[in-house]
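Encoded as C-alpha cells, here's the structure I'll be asking about.
Every chain is named by a letter (A, B, C, D, E, F, G and H) in the order it is written, and numbering of its residues begins at 1.
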C-alpha cells in the first residue's frame, strides 16, 4: 500500500470529494506496499483478522525495522518471531516499547490492549521442561491475538498420573496445543481424553533418533487419536495462531 | 455408549432404584469391552462426541464383523475406513444395510439420520482429479458426523484463476480441508485467501520425488500461511474428523 | 547339541572308554555341520540354552527341510520363522508333526513338552488388533522356550482407560513385550507404569509417515521411560527370545 | 517418595490416627509436585525402584537446581545426565557434594552407600576407545542403582582375538552392555558367544555414512543373534538402567 | 581462451606463417593449464561462451589467487562464487579492482563492459525477503554474462495478490528465475501464469521439515506446471547461468 | 469454460449483435470449464502456447474420456501421459484416431499437422538402452509441440568414446535433453562439451542405491557443469516440454 | 573386439596392404556399433580384458538378442545379468547353447574354455544361506573371466566358531568376496583375519531396518578393518568382476 | 609385532632353548596389549603386513601418546589419522620426530625408510581442487606402506579433455584411487578408460543435495563401469590402504 495514495484518499474522504463507499473499495485494492526487499501485506488483517507476522530468521535488523515502520501505522500488535537477542536489542533501539521474550525468541510491540476474541480457553501442554520455549511461543501468539491461555508443563507419558491429575482442565479447553519432543506420544494421549481439537507441535528436544524432531513429528501424524492435526517442528507460533483461529 | 443411556443409569442411581455399586460396575463395563482381539471403546462417544472408528487395514473380515456387532447396540453410525471391496463385500453379507464407497474405500452403517452439528459449512478442496478419493473420505466422515460439506475439485496452482473463481465459497467456509499431492502447494495458497482454519491433507499422488506423499506433507508443514495444520498422507478420514471437531 | 550328549562324551573321556583325541574330534564335529548351503550351529543350545532358529525368508523349502533333518537328532524344539503357508505346507509333507501358525507365519516342531524355565510371567501387550500377529510370534517363541505368557491386546493410548484397567497384570509381570505400530507410544506409557524391563517391538502397521514401522521404531528408541529396549520392526520372534532370556 | 514413608501413612490409616480422606490427599500430593516448569514424579521410586533422573539437556542450571532441591528430601541418589561442565559447575555451587564425571557428562549426588541389588555382574564392553564415554555413562548408572559392573574396552571386530581372550568374563556376565559406533558389529558377535541378554548401545563415533550413529543402530537392530535389544544412539544411561532392571 | 586469439592462430596457419605442428601444440596448450592443484580450462569460453567460474568453497585464498592469475590474461570477466568475506579480502589484496558482494558472497573481476547477449529480459523473483541473497547471486551472474535482469522480491503465495500485481512483468520475461524456501510453491504458481521457461531455485530458508531446502527442492521437481526445471539448493549461480544460456 | 455460454457468444458474433472485440474479451474471461471431477483449463494454450496435458495416473478411463471430450473442440493436439495399455485401449474405443505409444505410455490425439515452432534442433540423449522409454516421452512431447528432435541412445560414460563420436551433433543442438539412471553422470559430461542448455532427466533405471532414481537426480543437481537444470525422475514429458519452451 | 583382430589390421597397415585411411575407418567402426537402441562397445575387451556385459534389467528379449548377435562374432564369453527366467527362455530360443543360472539370474554363453587368468584363488563367503544367490553371481562372473573360485557359505557372526574353522582357506585367498545382509558385519570380521583385499557385497536379505540392504551397505563402508571396499547392494556381478581384476 | 621377532621365538622353541609353554605365553602377550582404554593389536603386522593405524577422532592426546608409546617398540611406521593440528602439536611434544600433514590431518612417525612393496604405480586422481586433502591422505598412506604413487588433480568431467590428456598415465597404473565430490562421476569415466581396479572415494565437497558426500557415494556405487569399488566418504586413508593391498 502506498502511503501517499492512502493520505490522498483519506483527505478526499475528509473533504467529501470521495464517498466512504468509494474509499473503502479503493483501499481494498491497495493491498500491499513494495519496499524493495519486502512486499508488506497490509491487507492481511482484513482477510485474516490478524496482521502479517515478521519471520525474523534470515532477515537483517535493518530489514525488520523497515518492515515494522510501515506496519505500525495500521496495526495495534506487531509480532516478530525467531529473532535472536542481539538482533532484538538492535530493533528495540528503534522501538523501545517492544517487549522481548528470550526463551521463545519473540519480539512483541503492542500499543493498546487486545480485544478478547475467544469462545473459550486454549490450554497449552508440554511433555517436558525443555519443551517450554516452544509452548511459550504458542501461548504468547494466542494471547496477542486476544485469547485466554492456560499452561500445563512437564506432564509427559513416563508418569501418566501427572497428566491425569489435570484431566478437568484438559476437558474444559475449547482447543489444546500439545508440545512434545522425543517420542512425541503426549498429543495422542491427550487427544484420547478430550473431545476438542488438538494442535500437536513436535519439538526438536531429544538426541540420536529423535532426528531433530522428525520422530516426534511423524509419531504425531500417525496418532491413533483422530482429533489431532500437526504443525512444523518447533513451530509454536503456528500452533498458537491455528488454535486462535479455531477458538474464534 | 451414548449419553442417554448414561443419563438413565445416573437417574436410577439418584432415584435409588440402582445402588451406587451396581451403577459403578455397569459404567465400568460400559467403558470398553474386551473381545480378545479388540478392546472396544464404548466410552468414546461420551468423551469425544463420536464413536470409535474401525481402521480396516490389517484386520480380518471376521474381526471387523465382531467389532461391529458390539458397537451397533449403542451407536447410530459406524464407520470402517481403509477397507477393500472384497472385505467390504464379506462384511456386507452380515450387515447388508451398510453402504460401501469404493473410491475412498469406506463402509458406513447408519441407522437414523444424523443430527446436524455444525456452525457453518466445511469446504473440501482438491488440487487434482486424482486427489478426489482422499477428499471424499474427508467429506463422508464430516457428513457422518453431522456437518454440511461442499466440494471444489481440481483447482491446483498451475492455473490459479480456476481457484480464484471460487473465492467466495472459500471465504465463507468455517473450516477448509485441502487435499493435494505432488508439490502440495494448494493449502498455502488457499490459506492465504481466507481467515478460517485450513486442514491440509497430503496425498500420495505423483511419482519420483513426490516420495509417496512425503514432499506434499513437508511442503504443507512449511506453509508460509499460518492458518494451516496437517494430517498424515492420504488421511482424508482424519482431516474430515478434525474439521468436524472444529466446526462443532 | 544338547547338554546331556556332551556330558556323556565327557564321562566317557573321564572313564577312559574314549580317548581325548577321539572326544575332541567328536566335539568339534558337534559344534556345527556344513551341508553346503548352511553351517548348522549344533553348539548353540550349549552356548545359549536354545537351539538355532531357522529364518525362513529367502530359503527354499528344500533348504529348510535339509536343515531340519540335521537339527532334529539333537533338538526337542525346532522353530522356523517368517515362513509362508505354501512353503510351510511343503515342509509339513516331510514333518507332518510340525504345527503351522499362519498369522505369525511360524512353524514349530516340538517332540516332548518343554521344561519350564521362567522366574515369572511374561506379559505381551499390543496397541491394536492389527499388531496381534507380531505379538503372537513373541508369545509362541517364549512359550517354546519354556515360559509362561499372558496376552493383552488392543489397549492403545487413544483410550488410556483400557490400558489402566489391566494395571495389576502389567505390574506383576517380570518382563513385558509391547508391540505397537503407528506412533509407537504404548511402550513408553506401559514402562512408566511398571518396574520391570520392557521389550518394545515396533510393527509395520500404519500408512503414510508410519514409514513401514520406522516411526514407531524411532519413537520407542526415544522413549522418555528408561526401562525400554527395542528390537527390529515386526521382530516378534526376537522380542519373545529376549524376554525369555531375561526371565530365565 | 520412598516406601517407608508410604508405609507410615498407611499404618496411620489402619490405626485410625489419620482419616482416609486425609491420607488420600497426602498420597496424591506425594505422587508428584508441580513447580511450574516441572512436575516432579516423587512416585517413581515406588513404581520403579529408582527415582526420576534429570535429563540435563535443554534445561537451565536454575531449573536443575530447583528440581534437585525437591528430590533430595526423599532420594538417596540423584542423577543428572547430559550436563555440560559449565552447567555442572553452576549446580555444584548449590550442591558441592555432587560429583561430576566430565567424559560421560553426568552429575551424581549420593548421600549414603547404595544397597547392592544385583543377581550377578553386568559387563560393559566397547568396540573402540572413542566409545568409552558412552560406556562410562552406562557403568555409572548401573553402579548408582546398586549393581556390580566390569568393563572391557576396545575389543572391536577388526581384531577378533582381542575379544575372544575375554571369553570367560563375557560368559559369566548376567547381563551385557555393548557399545559400538561405525559398523556396530560387536553386539552381534558378543551375543553369539553368550547365553545372557545383551543391551546394545550404538554410538555416534565415526564419519561419513556412520550417519551420526544411525548405521550402528540399524546394524544392531538387524543383529543375526537373537539375544540383543537396542537403545537410542549414545544412550549409555538407558543401557545401564535397563541392564540394572534385568539384573535385579 | 577467447575466440579472437583462436582466429589469429588459425589465420597464421592459413597464411603459412605458423606451421600446422606449431599451431596444434599452441592450441593444445591453450585448452587447459595444469598448475598442480588445478587444471584451468582455458577452452571453456570457446566451448560455452563464458569462462570457467571459480567455486570458492574448499579452496584456499592462495589457490584462488593462483587460478585468477592464469585466467585474467584471457578473460574479461572472472567470477568467484561462495567466497567468504575474509577470503575475499585476502584475494582483493592481490586484485583490488575486483568487487565483492557480501550477501551472495560473490567476487567479480571485470575489466571492460560486458557485451549485451540477451534476446529479452530475465526476471528474478523471490518468495521472501530471506531468499534475496540467492536471487542476487543469480542476477549478478546473468548480468556478468551480458543479460538484462529485473528483480521482484517477497511475493510468496501467502498473499497471492502481491504476485498477481506484477503479472505484466512476469509475462514479458523471456526467462524467469524463481527462488523460494519453505514449501517452495512459488515457481509452480509463476510458471502457471507465463509461457516462458522457469528456472526454479530452492533455498535453505526455513526450519524443521524444510530440511535445509530439500522440501522446496522436491516440491519444485513435482511442480504441476510443466515449464519448470530445477537447480541445486541455494544455487543462484547455476540458475543465473542457465537463464543466460537460454536467453542467448 | 461453459459450452452453452460459448455457443451463445459465438452465435451473437455470427449475428453481429456482439463485436469481435467484445467476444474476444468475453472468451478470455471464460478461462475454464468445471465438469465436477476436473476444471479444464481452456486458457492454457492462450497463456502458454500449448494446451493442458492430461496426467493419466490416478484417473479412470471415464474421467480421461470426459476431459478429452471437452478439449478436442478447441485443441489440435491432446496428450495423455502415464496411461497404461489397458486404459489406453478403453480410451481409444471412444477416440480411435488417437495413437498409443506403449514404451513411454503416451496417448496422442492429433488432428492436423503441427506447425513448426523451433529455432533449431533438440537432441535427446540416453546413457543406456533402458532409459529409452523416458527419452521417447521427451521426444514425442517436443515433436507434438512442433519441434525437430534427434535421438542418440546408449552412450553412457563407461565407454566415453561412444559419446565423443557424436560430438558434432551435440554441439549443433540448440537444446539437449539427457536421460540417465544409475550414477546419472552423463548430463555433466555432455554439458561440459556444449554451449547450450541441457535439461537432465534422471531415470529410475538401476537397483540398490540407485534408490529409484534419487541418486541420479541428486548427481545431476550437483553437476559440476553449470548449464544443467533438472526435472523429476522419469519425467520425460517435462523435459521435452521445457526443451520445447526454450527452443521456441 | 579382440586383440588378434586388432593386430591383423595393424600388420596389414605396416605391410602396406591396407591404407592408413582404410584402417582408421575400420578401427573406428570396431570401437562400437550403433544399433539404434544400443551402442555396443566392441572396444571393451581391448581396454579392459573382458567384453561388455549385458545388464538385462529394463531391456526386452529382442534387445538382448540383438546385442548378443553383434557380440558373438568377436567374443568367446557373453554374460547377461539380472535376467528373469521367462526372458532367459526367450533368449535361449535364439542361443540354445547359452546356459541359464536361475538363482543368480545369469545367462552365460561361452564357446571355448576360458584361459586361466588368476594369480591365486578367489574365496567367496556368505553370512547366511539367503545370501547365496548373490555369492553365486560373483563366483560365476569370476570363473567366466578365468579365475579359480572357492565358496564358503553360511558362516555369519552369530556363531563365530563356524568362520574361524575356515581360517586357513581365508588366509590363503588372494582376494575375498564377502556377501552379507542384515547387519553386514561379516566383511569386517573376515578382513580382520586376513592380509588380502576384501570386496564386500551387501545383500538385501533382512527386513525392517535392514532397509533393503542399506544397513548392510553402510555398515560395510564403516568397517573398522581397512582392507575392505564395497560394491552396490546385491551386486554380486560387480564384486566378482572387481575380484577378478585384482587377481589378474 | 614384526615377523623377525616371531621367527626368533619359534627358532628358540625349535632349538629347545625356550619351552613350548614359555613361547605360547610370549606369543599370546605379543598378540595384543591391554592398556585400559585400548587393546593394542600387536599382531596386526603379522596378519596384514601393516601395523594398526590410530584413528585420532574421539581420542585424547594422552590416549594417542599412550598407544604410540606401546607401538613404537615394534613398528617402523606409525600412522595417526583425523588428528587436528592442536592435538598433533600436543603429540609432537612427546614425539618430535613425527611429521604432521595439516591438509589431510595425518601424523606420521617413521624411523627407517619403508621397503618398496608394490607391483606397479598407484595413481591418485581428483575431480576438483577441493578434493585434494582426501587424495593426499590416500597418497601418504600408500607411500607409508611402501608404494609408488602419482597424483593428477582437478580433472573433473565438466572439461573431459583435461582427463583424456592424462590417458597414458591412467592406463599404466596398476591400481587407481579416484576422489570426487558433488556428482561423483569421475570414477565411472576413469574406470571406463582403464583395465585396472579403481578404488572410488566420495568426498564431502559440495552443498545442497551433495548431502555431505552421500550423493557422490551413491553415484559411485551405481557406477556403470564394473571395475569400481568404493570406500566411505572422505576415507582417503582406507582408499590408500586398499590400493596398497591390491598393488602388493
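The rule is short, and it goes like this: a residue touches a chain if its C-beta (ideal position, glycine included) is under 8 Å from a C-beta of that chain, and two chains touch if they have at least 3 such contacts.
Keep in mind that this is a model prediction, so the values were computed, not measured.
Shared contact partners of chain B and chain H are E, F.
Contact with both chain A and chain H is made by D, E. Two chain pairs, A-C and G-H, are compared here, and A-C has more C-beta pairs in contact (counted per touch definition above).
The chain with its CA mean position farthest from that of chain D is F.
Shared numbers divided by all numbers used gives the overlap of an interface; between chain D and chain H this overlap falls below half, so the copies present different residues.
Most remote from chain E, judged by the distance between CA-atom centroids, is C.
A separation of 38 Å divides the Cα centre of chain E from that of chain H.
Separating the centre of chain A from that of chain F, both taken as means of CA atoms, is a distance of 43 Å.
Averaged C-alpha coordinates put the centre of chain A at 27 Å from the centre of chain B. Counting partner chains per residue, chain A shows two or more touched chains at residues 128, 158-159, 192-193, 208-210, 214, 217, 221-222, 232.
A list of each chain pair in contact follows: A-B, A-C, A-D, A-E, B-C, B-E, B-F, C-D, C-G, D-G, D-H, E-F, E-H, F-G, F-H, G-H. On the side of chain F, the complex with chain E involves touching residues 47-49, 53, 192-197, 199, 217, 221-222, 226-232, 235, 237-239, 241-242, 245-246.
Those residues of chain E that touch chain A in the shared complex are 128-130, 132, 153-155, 158-159, 161-162, 165, 205, 207-210. The part of chain D that touches chain G in the complex is made up of residues 127-128, 156-160, 164, 182-185, 188-189, 191-193, 206, 208-211, 214-225.
Chain E makes touch with chain H in their complex at residues 31-32, 36-39, 41, 43-44, 52, 55, 57-59, 63, 82, 202, 204, 212-214, 217, 232-235.
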